[in-house]
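Once you scroll down, you'll see the structures, which are given as structure tokens.
The same subunit A turns up in both complexes below, where it pairs with subunit B and then with subunit C.
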Partner chain A sequence: MAALLDVKGVSLSFGGLKAVADFSLSLAEGSLTGLIGPNGAGKTTLFNLLTGVYQPDVGEILLGGQRLNGKRPYQIAAAGAARTFQNIRLFGDLTVLDNVRVACHLRATRGMWAAVLRTAGYRNEEAAIALRAMRLLELFGLAAAAGKQAKSLPYGQQRRLEIARALATEPRLLLLDEPAAGMNPQEKGKLRELIARVRDEFKVTILLIEHDMSLVMQVCERIAVVDHGVKIAEGTPGEIQKDAKVIAAYLGTAESGAAAE
Partner chain B sequence: MVTTPQAVVRSLLPLAVAVGVAVGLELLLGLLGFYAQKILFDIGVNIILAVSLNMVNGFTGQFSIGHAGFMALGAYGSIVVTYYGGYALFGDVMMHSTVTGYALYFVSILVGGVVAAGAGLLVGLPSLRLRGDYLAIVTLGFGEIIRVVLQVSQPVLEPSEMAAVPWYEQPWHLGRSLGFVHSGSYNTLGWTWTAVAVTLLVAYRLRESTHGRAFLSIRENEIAAESIGVNTTRYKVNAFVLAAFFAGVAGSLFGHQLGAGTASRPEEFNFMKSFEVIIMVVLGGMGSISGAAVAAVALTLLTEALRSFQDYRMISYSLLLVIVMILRPQGLFGTHEIWHLLARFRRKGTR
Partner chain C sequence: MSSFLQFLLKGIAVGSLYALLALGYTMVYGILQFINFAHSDVFMLGAFFSWRLSVLFKINEPSPVAATGVLLGAMALCSLTGFLLERFAYRPLRRAPRLNVLITAIGVSLFIENAGQLVFGKNVVQFPPLLAEHTFEVGGVRVRSVEVIAVVTAFALMVGLHTLVYRTRMGKAMRAVSIDHNIAGLMGIPVDRIISLTFVIGSALAAAAGLLVGITYGQIKQPADSSWVLYGLKAFVAAVIGGIGNVPGAMLGGLLLGLSEQFVAGYLPSELRDAIAFLLLIIILLVRPNGLLGRRVVEKV
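For the complex of A and B:
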């Protein structure tokens, strides 16, 4: 299968700190990949590089063959990459429905003047957007909360709403930044089903940052491990669990453990 | 896309109703005294100013504090059209209560709006690329620059002097700090409230559209807005230019109001005027169109009630603002709208 996302030798430094060093990753179309690593390993920084929040110092990022270097976040969203945030960034004062509807804007074709004149074409499009937004909310079990302010939702629902909002931009690549953070085991179970379902129904490629290992191991087909901005391993969940470098990164080696004592 | 007659009707019906009301007001003119007319005029202009500023400060969450500057550009731009343009057209500078005269006034309102919008684009493009308080600083400076520039313009040309000055230099003769005294008091309540209706309609339709929600998303969370594909700079500039346009229209109306020796003085468009509009927006609730409109009505009436204490007006405004910020920091309406509350009320009623 052709690669949808191709990250080639990307590096980024903040002053003297190398946040990401010579990082390469290739995601096959329709794959579900986990990105794990200890705190501060550079996972979110990598997401920020992929979505144009930061620009790489060196290296190249390709999405479906299109170069993303130098593009601003909204251009990358238009190119087909959507994301959620580790620290939830919803539009708190807007309703749940509006949070999703505003994201449909990216694929809308009618502009400001059509909205002001309320042309027939504009009204049709608005109706279609409202319908699509409601369908997404139903899929995510949020339909009953459609009229509520987003900030009034419980934490788990806010995380789900962020995924729904990202999907409303009709992405080809979905980047999920710790979607299970703060969820209880039941919610995590539902989330696991949801992620798999989203991948199949929306035909998106998913890259998932997650600290909950059981979730990652169960849902992801492949896993990439980062530590100190460097990719130290990549493979199937089974391979990763046995990888000596990964175990060392998470648990420390016998030597470094002895040195710490 | 086939445009059916019904679609056209649905698109324009609210406007037609509003113009009907405005014309009704116009016909009532005879019954209203000059005082009542003046208050209704002030209310209308303030609604336009508050609702348009709300598009920037309320919708996109930026902080513009130079609205009076755009109003001044609109006022002077439109007066130039009716005064110097009128001279070119009629050969005198009197007011012409003819179809041509009012057509000229209509054009002048649009010119006032466009001049202000153009300035909005010039000011907005560089300053809206930045996040934070830069816009506040730039717009504050802009408003003051406009006022000072108007003060150092040339005296207004008398008809006898027109021939000596080439047409392209005439618009610079704006009457210095004395103000642009002219006789073109074209504006009436019909014009004023039609403009109010257009402003409210545009604001309402934008607010309730996918495009308008993109404005709101910038206010709510700029990083998330970018992540779902909102070109935040472009949208901020759009909102800013649109707001400047309506401020310009308000200025055009203001510049042609009925009054002894109809004049626009630079002093009318000082920082205090900008501040007044900000108070209306904050008081009404940042982001609420109905809130801005209601606050504009209330504050205009309050100003009238306190006319005898005029010198202390800003003190009472400031006090009012402090009290509201303590008791209801989100403003009267918060981000809600009257029509949202009505819809909720109706749903409850049918249950």
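For the complex of A and C:
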């Protein structure tokens, strides 16, 4: 299968700190890959690089063969990458439905004048978008909350709404940043099912940052491990669990004596 | 009683102009969290563009069609000004500290005022009679037709803006950008384009206010006259009273300020007018620090 995402030798420094160093990663179309590593290893920085929040100092990022370097975040969204956030960042003052609808508009074709004049085409498109947004909310069990302000939702629902909003941009690549953070074991179980379902129903390629090892090991087909901005291992969950470098990164080594953060 | 109605009417007339202008301040603040000090200058340009367009097209007779044409022309020119302002003065500073942007705005304001003097001269300009002047007596209240038209125009524009912000997808995108730029970008909203649009719309409304001031008073003062800045300042006060960043709040604040001014000038010594206007601001901010319709801002940690 062809690679959907190709990260080639990407580096990024903040002043003297090398946040990401010569990082390469290739994701097959439709795959579900975990990205793990100790805190501060550079995982979220990688997501920021992939979505145009940061630009790499060197290296190249290709999504479906299209170069993402130098593109603005909204252009990258248009190219097919969407994400969620470690600390939930919804449009809190908008309704649940509007959070999803705003993201749907990326794929809308009618322009400003059509909207001002409320042409038939615009109205039809808006109706179709509202329908699509509601379907997404139903899939995520949020339909009943459609009219509520996003910030009034309970935590677990906010996390799900973030995923729904990301899917509304019709991405080919979905980046999930610690979706299970703060969830109880029961919610995590549901999330695991949801992630698998999203991948199958939406035919998206998923890259998942997660600290919950059992979740990562169960749901991901491949795992990449980052430490200090460097990819130290990549392989199947079984391989990763046995990898000496990974164990050292998490637990510290006898030589350095450094404990994992 | 009739004087009460008279003040009420006049208050609505002045207040709707403040409201039009306040919308520009509040929209830009909502989206960029900065006060566009050059907004009152765009308003001034709106009046002068209207005058020049009237002269250019030799409009000497009152005509609703010509007046509408001049209004649209001035709105287009001010929109362009607002667009250029944002593109070349503010956008390069998008990631700079807010104080830098504020100082730039003051600089831009001075630049426009002086350039305006250079282009439009330093004298009071007689505004062409774009609309026929009639005065009615209704229940002992003197009503000027131009004031009625000004109020109707202002309200029509405000209804249009409200529809745009709350009923269209651009409005939704604008609100999303005002909540969180970064996330809006990542969700596929072209943030820079939305910010441009905000300036364009705010400037168009300021242009309308400029034309309406010209029509109502029959003359306009020179570009660097302090009355322009005072007008802008009051509109800004109106925006704060209503809750800065809040579109209906700006309309409400504008009307409140206009009404309070007229009632003060009517019943109390008129020298107190501006003092009372600002006193009102202080009292409202003491009671409701975020304005009448503003929401409590929770500091992000």
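The definition used in the following text is that the second predicted complex is superposed on the first by the 257 of 261 C-alpha atoms of A that agree within 3 Å, B and C clash if a C-alpha of one lies under 4 Å from a C-alpha of the other, contacts with A are read in each partner's own complex, and residues count from 1 in each chain.
What we mean here is this: contacts are C-beta pairs under 8 Å (C-beta built on N, C-alpha and C of every residue); 3 or more make two chains touch, one makes a residue touch a chain.
Bear in mind that the values here come from a model prediction, so they are computed numbers and not experimental data.
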Quiz prompt | Overlay on subunit A: subunit C relative to subunit B, clash or fit | solution = clash
Exercise. Scan A:98 for contacts with subunit B and subunit C and give back first, second, both or neither.
Key: both
Exercise. Could you say whether A:121 touches subunit B, subunit C, both of them, or neither, answering first, second, both or neither?
Key: first
Practice problem: Look at A:232 in the shared chain and tell me whether it touches subunit B only, subunit C only, both, or neither; answer first, second, both or neither. | Solution: neither
Quiz item: So, A:213: does it touch subunit B (first), subunit C (second), both, or neither?
Solution: neither
Quiz item: Does the superposition put A:72 against subunit B (first), subunit C (second), both, or neither?
Solution: both
Quiz item: Once the shared chain is lined up, is A:247 touching subunit B (first), subunit C (second), both, or neither of them?
Solution: neither
Exercise. Touching subunit B in one complex and subunit C in the other: list those residues of subunit A.
Key: 51, 53, 72-74, 77-78, 82-83, 85, 89-94, 98, 101-103, 105-106, 108, 112, 115-116, 126, 165-166, 168-169
Quiz prompt | Complex contacts: residues of subunit A adjacent to subunit C | solution = 51-53, 72-74, 76-78, 82-83, 85, 89-94, 98, 101-103, 105-106, 108, 112, 115-116, 126, 165-166, 168-169
Quiz prompt | Touching residues on subunit C, where the partner in the complex is subunit A | solution = 164, 168-170, 172-173, 175-176, 179-180, 182-192, 197, 295
Self-check item: Touching residues on subunit A, where the partner in the complex is subunit B
Solution: 51, 53, 72-74, 77-78, 82-83, 85, 89-94, 98, 101-106, 108, 110-112, 115-123, 125-126, 129, 165-166, 168-169
Quiz item: Which of the residues in subunit B come into contact with subunit A in the complex?
Solution: 1-4, 7, 10-11, 201-202, 205-206, 209-214, 216-217, 219-221, 223-232, 238, 287, 335
